[in-house]
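Both complexes shown next keep chain A, but they swap its partner, so chain B is in the first and chain C is in the second.
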Partner chain A sequence: MPDQQSSVVAAGSPAATTAGGADGAGTPSRGSGVRTRGRGGARGDRASLGSALLWLGPALLLIAGVVVYPAIELVRASMSKFSITGLRLGDAGWTNYTNVLDHPLLPTVLVNTIVWVVAVVALTIVISLGVAQFLTKDFRGRKLVRWAIIVPWAASLVITAKTFVMIYDFYYGTANLLLSKFGLGPVDFLGSDTWIMPSMILVGVFVSIPFTAYVFVAGLGAIPRDVYEAARVDGASPFQVWWRITLPLLRPALLVAAVLNIIYVFNSFPIIYTLNDRNPGFSHDTTITFMYKLAFKSAEKDVGMSAAAGVFNVLLILVVVMVYLRFTRWREETA
Partner chain B sequence: MTSRHMGAVRVAAVALAGGLALAACSGGSGAGSAGGGGASDSGQKVKKIKLVAAEYSKDHTAAFWKQFADKYKAKTGTELEVQVVSWDSIDQTSSTMIQNNNAPDILNLNAYASYAKDGLLYNADEVLPASAKSDILDAFVKSGTYQDKLYGFPDLSSARAFFYNKAIFKKAGIAAPPKTWDEFEADAKKIKSLGGDTIPYALPLGPEESQGEFSMWLFNNSGDWKKDGKWTINSPENTEALTFLKKLTDEKLTQNNPGKTNRADAFNLFKSGKVGMVVGFSPLAGQLDEEKKVDYGVAPMPTKMSEPQTFGVTDYLMAFKKPGNQEAVKAFYDLYYQKDQVNQFIKAEGFLPVTKSGIEFFKDDPKLKVYLDTLPNAHLTPTDDPTWDKVKLAVQQNLGGAVGSGGDPKKVLDDLQKQAESGS
Partner chain C sequence: MSTVTETGTGSTSRGNSSVAPQGGSRRSGWQRHRSWVLPVAGAALALVFLAPYIVMLLNSLRPSSDVVQTPPTFFPREWQLSTYSQILTDERFLNWLKTSVIVAGSSTLIVILVSIPAAYYTARFRFPGRMAFLLLVLVTQMFSPTALVVGIYREWFNFNMVNTYAALILTNAAFNLAFAVWILHGFFASIPKEVEEAANLDGCSRFGTLRRVMLPLTMPGIVTAVIFTFIAAWNEYVVALTLMLDESKKPLTVGITSYVTGYEQHWDQLFAAAIVAIVPVVVLFAVIEKHLVGGLTAGSVK
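Entry: the complex of A and B
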């Protein structure tokens, strides 16, 4: 039964595929780790360079076209001086980079980014753990609930964000209609400096839960039943079972979920841009919307400076990816 | 077995997609510092020109340009490719096109001076038929002229006026729309005393278009953005006007958080019947007429001067210098400024004319009278100064802070003044 479940999920969602990879490495019973790594080299029948290129060609072309080329262009733009119209006026050296670093609101933007990423990822993981436990239980209408939870994931982020603008609106928002009924409202969710960040975080968590929960569902499905049986025989309490068996065996899935969410949430543009739309200045922007506003909305209106901010953003993501790779190596060693 | 790889590939893909999105946002880099020129020395004539048009309304903009392109093709044999872009993204679209050395032949935007400064545009002598040039209203010739040459050819215009909710005025016992700022404040207080959730005045100083709302007030206090070639953003008149708006906010005579309310939000509040007064323009009247929910009146703006002043806006159709496109572009303007074209467009979109013949065309429309009377003398923002293109953005991003709690109108205007002076 558990196997059946996880295969259903795996067929239905790419997230589960990732999670499958994660728990595959974490489950001691599988020994495929070494073989996977040694592919090609270990087998001894190494393909010729020509046929290797034939197989790799499309992927390499794709990487060159959609990764390497834009990256080069980004760096070039960041070293150029642009007119407000977008016309390239000449070389700028490192001026754009120093302008970004000297920007008076950069510290605010960085703090916002950290608060945003940490809060959304942490809350998402905690809530998703509960949701995943719930979803692996057998109950009537579980299929329906599983589908319902996918919906926020399937909907476009811009649409979700606009919907929340309507929920949060000071005069018409459904949230405030409800609060007023209880004599608590209205609250200026999007205009007040105190409420805007929590309001955005709530939406961020809302859209991140489906993916995360399904990573955990797959992770839970792959934990062997016999471990639980053994625990029950030994008289472990439900909490002990969860703390000492479920959580450690779920660790690979947790790592994957955490790191992928950090990248998604860090890069999240539509939620912040849409919900923060009415607020002037940069005081509630993250590095991603900061970069966009530098290019098109702010008084700087400077594509070069924005590109420099973009380079900083890429570097930040690279650090996160490197941390991830380190974790995966750690898993291989412990597998 | 491959699942581990898929995991890693997925991470890589996500990270790279992130990087890609960043790259996409920042656009490509400029392909050389082409400054136009060389437009006339190519003998090759283009067979197709491209127009990037701003979307004034979902219903009418694309439809107008489609019929226009058909007529243009029939008349000249040249094809006209039209790309209609929303106001939200048109700055980004045009900037990216120019970065990639792929400017359209004609671009419809609310600014032109920076483009003229960069040497990208044709001037009127090169592409505007003389009959069209002499027909354009003087106020718009002035605002479209950069360094003695006309580059910003107006496509349509608007002028602000004072909108009030007749039902609310009646309930509050206000007989006629206020003529002075004192009357305005007194009426606002009367409306406030009605209680409930009625909002006396909807004041949009959010980032969308705060310069428009503020312009309307400062022009009625004999202020201006620029006088005799000098920036006057922090002039005593302007400071007084912004301080007055802050006072309205502090006395809670406005909606909640005016510094963070965009124009569209203020209009929506007025359309819902919750608001007593708002500064609007003809498209708002069009929407109100269509919905028939609010019984409203339109009056000149309350003023501190002897005559009410109005703030006018015009957008531009500018022409980019590209090899071989001069004649095709000229033919475009020749057709656009035909009475039946330009005025048909303006009528459909609910805006105001930009030509003398257009004023004739619309003069019998009673709804437009209040605007048309003031249009030839409307004050415009200094769109003829490339510095304004940046100052405007700075105003949009900072003005709202002046009316917020702890906001200091004088300081906000001083900072903007400094920014403008260092930019010119």
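Entry: the complex of A and C
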């Protein structure tokens, strides 16, 4: 989960939420929030709006001031003209939006984004499933393995990405050193149009696995043991057990991991920004780094156009969030 | 979750291993070998996930000229430990470190102070707008500051606060609030109401109950929230990159990339600084690893 640092640990944050998702029983956290509504007072006393505001006030202020306000500023900026120094010059109407839509590299950027998100999320989920099943086994040193696996999750993404820049280096990199042992390479991982995307995807998958595997470990732990006993008594083969029992019962965890990963991977910034740093233009950017470079790195420093691109990004994320909310309701109805 | 599969019986059925679930020789063969096959496979897996960080460590222990020399070698041709003392006396590095500590520390403090009352209240009471509030928190959790970064920049530009610690601290606090609220909400909700009522009968005020009874019981949740928030703020990149233009006010994540630019190439210092930046957070993360999994599986026990 790439930008999880904000991303990864942001990656961390869904952990709490996923708890609700992964188990099917509903954790106190979201479960109570959504589900017990209307059951009024089944758990918890009624309270007035006034005293609620007192306790929630600081949180509301913080969210309003630093999340909602920037969102409004983003929309406002997307309809404004700016000087190169950032002063607002006046209204731009919809020009910033049409400029984004007419940008010659927009199709490339969109394709990159789709490839990036689909490849990273799909590979992450498949590999994490294997890692998680391995981690639920009992063996000596399991704890050490779990600690090793959280390192990419805990470490700063930009630092990990910077290390990969060196690992991928054409002349000095460890990757080509390894390839040469097998008589392969050298490959210009970050400089060639063919290799840069797969190289970035590999890093994206690498940093997304820890969080995802942990979600699956929790999901696997939530499957009652007697279900397996029953299947074994009925003579199911290991594959049948996995396919007919493990996978279906893991479905809530799978869906949570998929949706959260889609959001994080889509939002991912440091990996692409760092690994793609030496390539000029936008031909290997996703919509997020495209947006960032428009405002802060291109010659034009076009804040308005970048904000318009940002609005598109926010809308896309909102759609995924809606899907997520819907799905959690689905879970509650069937639970 | 701690009671994972003691016996081979349980785990063979779970794994996608090719082992037959029942019957004679194959299984006992696996039983004999799994005691070493699993640890060896585990070590290999650990190595894969540690590999880039091993490269990082080895590169921090060799001169920059050895990092960029053809043909590359995995182990240093020449070992050099002095890089660490070099960066720890480098004023630039110390400034970045200072920023990281100030920003991550202050953000964490704000998050905890703000999230405890919110989490406690939403866990204990029904009131109009409660669900709307929890939904709002959930949505902010989904939004990394990345997508909003232009708006965030405009906000602090308007307030003339670009390049200030306060801007970075408040931004980090706001976007990490959700995690703390969720995890604490879960902890508060899991404490039986009777505990609180007993405290009330004994004459504790609402606030006194929270402080004397509830908070001690939610300590693991608070520790988890503190560490998570601290790490998130410590590792934050895109907002710091955008707001902290002054070299001396950059945090570590942004600052250390200036060890290797078009003008200077101090790979040794870059990697030594990277080690200094990630070792503390990895250790902290390992501390809450148990709570993290506990938090992930808490609901399933019910």
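We adopt the following convention: the second predicted complex is superposed on the first by the 293 of 335 C-alpha atoms of A that agree within 3 Å, B and C clash if a C-alpha of one lies under 4 Å from a C-alpha of the other, contacts with A are read in each partner's own complex, and residues count from 1 in each chain.
Rule of thumb we're sticking to: contacts are C-beta pairs under 8 Å (C-beta built on N, C-alpha and C of every residue); 3 or more make two chains touch, one makes a residue touch a chain.
Here the structure is a predicted model, which is why all the values come from computation and not from measurement.
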item	value
Chain touching more of chain A, residue-wise (chain B, chain C)	C
Which of chain B and chain C A:V100 touches, first, second, both or neither	neither
First (chain B), second (chain C), both or neither touched by A:V314	both
Contacts of A:L250 with chain B and chain C, given as first, second, both or neither	neither
First, second, both or neither for A:G281, with chain B first and chain C second	first
Which of chain B and chain C A:K137 touches, first, second, both or neither	second
First (chain B), second (chain C), both or neither touched by A:I125	neither
Which of chain B and chain C A:Y324 touches, first, second, both or neither	both
First, second, both or neither for A:S156, with chain B first and chain C second	second
Partner chain in contact with A:V303 - chain B first, chain C second, else both or neither	both
Residues of chain A at both interfaces, chain B in one complex, chain C in the other	14, 17-18, 20, 22, 24-25, 32-33, 63, 66-67, 70-71, 73-74, 76-77, 86, 171-172, 263-264, 267, 269, 288, 291-292, 295-296, 303, 306-307, 310, 313-314, 317, 320-321, 324
Footprint of chain A on chain B - complex, ascending	1-8, 10-12, 14-16, 18-35, 91-92, 94-99, 114-115, 117-118, 120, 197, 206-208, 210, 255-257, 259-262, 265, 269, 272, 274, 386, 389-391, 393-394, 396-401, 419
Residues of chain A that touch chain B when the two form their complex	14, 17-18, 20-22, 24-25, 32-33, 35-36, 63, 66-67, 70-71, 73-74, 76-78, 80, 82-90, 170-172, 186, 188, 190-192, 256, 259-260, 263-264, 266-267, 269, 277-281, 288, 291-292, 295-299, 301, 303, 306-307, 310, 313-314, 317-318, 320-321, 324, 328
